[in-house]
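Listed below are the structures to be examined.
Presented sequentially are two complexes of chain A, the first with chain B as partner and the second with chain C.
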Partner chain A sequence: MNRALVLRVLALAAAVAVLEALCRVGVIDRFTMQPPSRIAVDLWSILATGKFNAAILKTLTNAGIAFALAVSVGIAAGVAIHGLKALREGLDPLFATYYAIPVLAFYPLLIILFGLGDAPQILIGFMLGVVAVIVNTLNGLDRVPRVLLKAARIGRLTPVEVATQVTLPYAVPYVLTGVKFAVSYAFIGIIGSEFVMSRGGMGFEIAFAYNNLDNATMYPLIVLILAVTISANLMIARWEKALLARRGLA
Partner chain B sequence: MSVAHVTLRGVTKVFSRPGKGGEVHALGPLDLDLRSGEFFAVVGPSGCGKSTLLELIAGLATASAGEVAFEGRPIAGEIPDGVGVVFQEDACFPWLTVVDNIAFSLRKARLAPGERESRVRDAVAMMGLGGFERSYPAQLSGGMRQRVCIARTLVMKPRLILLDEPFGALDQQTRLLMGEEVLRLWRQTGATVFLITHALDEATMLADRIAVMSARPGRILEIVETGWPRERDSRVVEDARFGALTARLWQVLRQESMKSIGRPGGVPEGGA
Partner chain C sequence: MTEHKPRAWRNALAVLAALVVGWQILHAVVGEVALRSPWETVAYTAKLFASRDFWPNFDETMTAFAAALAIAVATGLAIGMLLGFSRLAGEVFEPVLVALYSIPKVTLYPIVLLAFGLGMQAKIAFGAIHGIIPIALFTINAVRNVRPILIKTGRVMKLTTWEMVWQVLFPAAIPEIFTGLRIGFSLTLIGTLLGEMFASQRGLGYMLMNGIGLHNVDVIMSVTFMLVVFAAVISSALLAIDRVLHGRA
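Coming up: the complex of A and B.
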């Protein structure tokens, strides 16, 4: 283990220990928050009894679908937009201001259009993530050295082969930056819309527990969401780092 | 041996400047015959259109006027079969290992099973890349990466190899050694080699014939024959004629280089 990693783990452990102490001493009262050790025990019993399995499955499935859609549509759109200069010029300012739009504000409209099912929630997660994937795909494609494109022409590659064998492989580490955003945005979209209005899912259960002062349910579920998104993010970051290291860039 | 492998007739290249208006007359009109199997070098002042000339022969660019033909067939912006190009910039695919880089162009070639592997193995051996098969380009030196690019061209068994200042980014000693390697490849493959370079001594050392180009619009001012034997290496620099040939290239080129940096060439009238 290197020193940076040891320091990082120690810093996290220290933060948790302080929180534990504040809860135990009573600076943070039990109605506000349970001590971290208690949250861990509660989380274990939630997972062991399978009480919220349906909610967990629903949220993970919807977030997974929103994520997969944002990544696949985002990469395809990025490649297409990169190829069309005029379209690119028209869209660039829109991409730059896209994240000024509170996408969640469209949720009621989407419920009217699609009903109170999974579709509006997945759409919110997708809409939040897709532009981050497009923008980062474009960034990666912009960086492809001209000489590689010339080499591809000498190799007589078709435009589709150029995209799949040269430009996209070159852009992968940059695309992964967008993919990391897509993970976070998928969960923000799904959990957020479950909070606001839904008939199930982890966001719904957290909101329900909150209204009932049920900290033994609320905090473990929050921790579970954190664990899932952070692990997904770390996995992608590792992959990204491995790819960059192979290119001598990390 | 003296069959024209590549012919250029009245070749001209004019670039339009989008946005700024006007045109840039980059090259020509220019006539040139490359003999089959010869080592031909081109030297010229910066910006004289050397690389444009190479791109026209490679089919990467289209002539504004005139005709370029390879093996009797006109090239009109179509990449001809049997032509390999090595660029000055690092053209290795950074996400592929050395062997995957070398095999890249073979992906599209329909080859008997085993043929692909044997060609890659031969190219690895020929370019001295043994032991680095599974390395990534970032783990190699600049000279080694350029060897990978040359190997990637060799596996295609090109009949015409175009080299666009391939050693421009390398140090002097590596350049000399790479020059010897290219001479060896040229002899072993029997291909015609067309080398663009800004190094006059490099051109003299490697080529059978050297074309000196004018400042923009690039035209051929003179073609110098070196008369070296086919069996040769970097030791030709010790030959008495080496200095004289290089001096001749500089004599022709000096005035042109002065023009390209905006100064009148030659000693002023009545001056020292």
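Coming up: the complex of A and C.
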């Protein structure tokens, strides 16, 4: 395992080094991409001067709200749908198709309804993420062993108690898979709609920098978004692994 | 199974009907400024089909999508087979793939544009990067879960690597791989469309963006409707095949 980790770090370092070399030698010209070391320096100066703090704060806040909504509504809806078998059978094909629908196409409609503010963007991020949470919650609830349900019945738990004390705690590792998707979808929704039409935020700044060939702004902001999402995902994955390990499953 | 099927159909139809009714009600509440009714959308879609300007856009999107899907499937399967079969390579690179899968790929779009330029290549690349990773991840797991006895038997028979892949691993792993292909299909389609929406001069995604810019609700609704129907029909068919494959085992 540790050998794999060492090799992984070496492989990634080698990839960055190759990229750096290609940029320095000029195989990749500087209008296409800056050398990674240059991006790191630019990112540091952007964070140090606080030039884009407002944009960064706006995007992170909106993504956070969209994420929280998707997770809470998704889990609640997952529990509800799991209880209604007929509804579930009807919704299954819809869920399977959902991620082929360009949800972003509904953005203009939402702008007309709610105005060009934060609400349409948050709704898009929410709409993208919520189904992943629902689907994975359902998957987790499907796996609850029957003996736990019987024990709950013997304890005369109410349906709400069964959900909060028995089935959901059991399903948490599976739900977390959906939660990881929700992180990514929240950012896809917010950044995507900021690209399409907005008055601020990191996506807006990236699009603006792209149009002005300002790679010194564009690349560091992209790297920052990637860093935030990857760290969030790694943290959730670690939690998931700890939970599974406690059950002797990992 | 025979009893289960009609009920599943009925439930799916009921959800479909509820969607149409909900759409109609939303239309009544929101009004013509933001939405068209289901009937108006279908009528305008028919009108689009009859117009000359529509088909070049349709062809453009389908060409880009087909190319992106071909690249995603070939690359995804190759990566998946390689990492699934070699334990060490799998341990080293699978977490990297998982991390890449989790990043919001729209963010990379400006980079794709700088690398490939405005046009067909960028769309294909953007579609393909959406599809490759899920296909690879599912293939890795599928290959890993192939029963070891099959691989041992193959070794005893002295199969070449190529024969091993095509005659043992692939057939044994096909149900899981197919699930990956199904998901890869959806994601490649959405990737291609997103690519068209952000920067392109042709295609259905461009029609959508143009509709958004001109506030042409008819176009927005019809193109979205068309894409949803297309995605839904193919996804449902793939889902049905997926179920049959998994049931076989």
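Everything that follows uses one rule, which is that the second predicted complex is superposed on the first by the 249 of 250 C-alpha atoms of A that agree within 3 Å, B and C clash if a C-alpha of one lies under 4 Å from a C-alpha of the other, contacts with A are read in each partner's own complex, and residues count from 1 in each chain.
Here is the rule we use: a residue touches a chain if its C-beta (ideal position, glycine included) is under 8 Å from a C-beta of that chain, and two chains touch if they have at least 3 such contacts.
Given the structure is predicted, the values throughout are model-derived calculations rather than measurements.
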item	value
Touched partner set for A:Leu22, first chain B, second chain C, both or neither	neither
Touching partner for A:Leu84 - first (chain B), second (chain C), both, neither	neither
Superposition-derived comparison: chain B or chain C, residues of chain A touched	C
Which of chain B and chain C A:Thr97 touches, first, second, both or neither	second
Chain B versus chain C as contact partner of A:Arg246, first or second or both or neither	first
Contacts of A:Leu226 with chain B and chain C, given as first, second, both or neither	second
Partner chain in contact with A:Leu57 - chain B first, chain C second, else both or neither	neither
Contacts of A:Tyr170 with chain B and chain C, given as first, second, both or neither	first
Residues on chain A lying within both footprints (that of chain B and that of chain C)	none
Chain A partner contacts - residues on chain C that touch it in the complex	7-8, 11-15, 19, 30, 33-35, 88, 91-93, 95-96, 98-99, 102-111, 113-115, 182-183, 185-187, 189-190, 193-194, 197-198, 205, 208-209, 211-212, 215, 220, 223-224, 227-228, 231-232, 234-236, 239
For the chain A and chain B complex, residues of the former touching the latter	145-148, 150-151, 153-157, 161, 165-166, 169-170, 172, 243, 246-249
Contacting residues of chain A [partner chain C, same complex]	1, 3-4, 7-8, 11-12, 31-33, 86-87, 89-94, 96-97, 99-102, 104-109, 112-113, 180-181, 183-185, 187-188, 191-192, 195-197, 203, 206-207, 210, 218-219, 222, 225-226, 229-230, 233-234, 237
Of chain B, residues touching chain A in the complex	58, 60, 79, 83-85, 87, 89-91, 93-95, 104-105, 107-108, 136-139
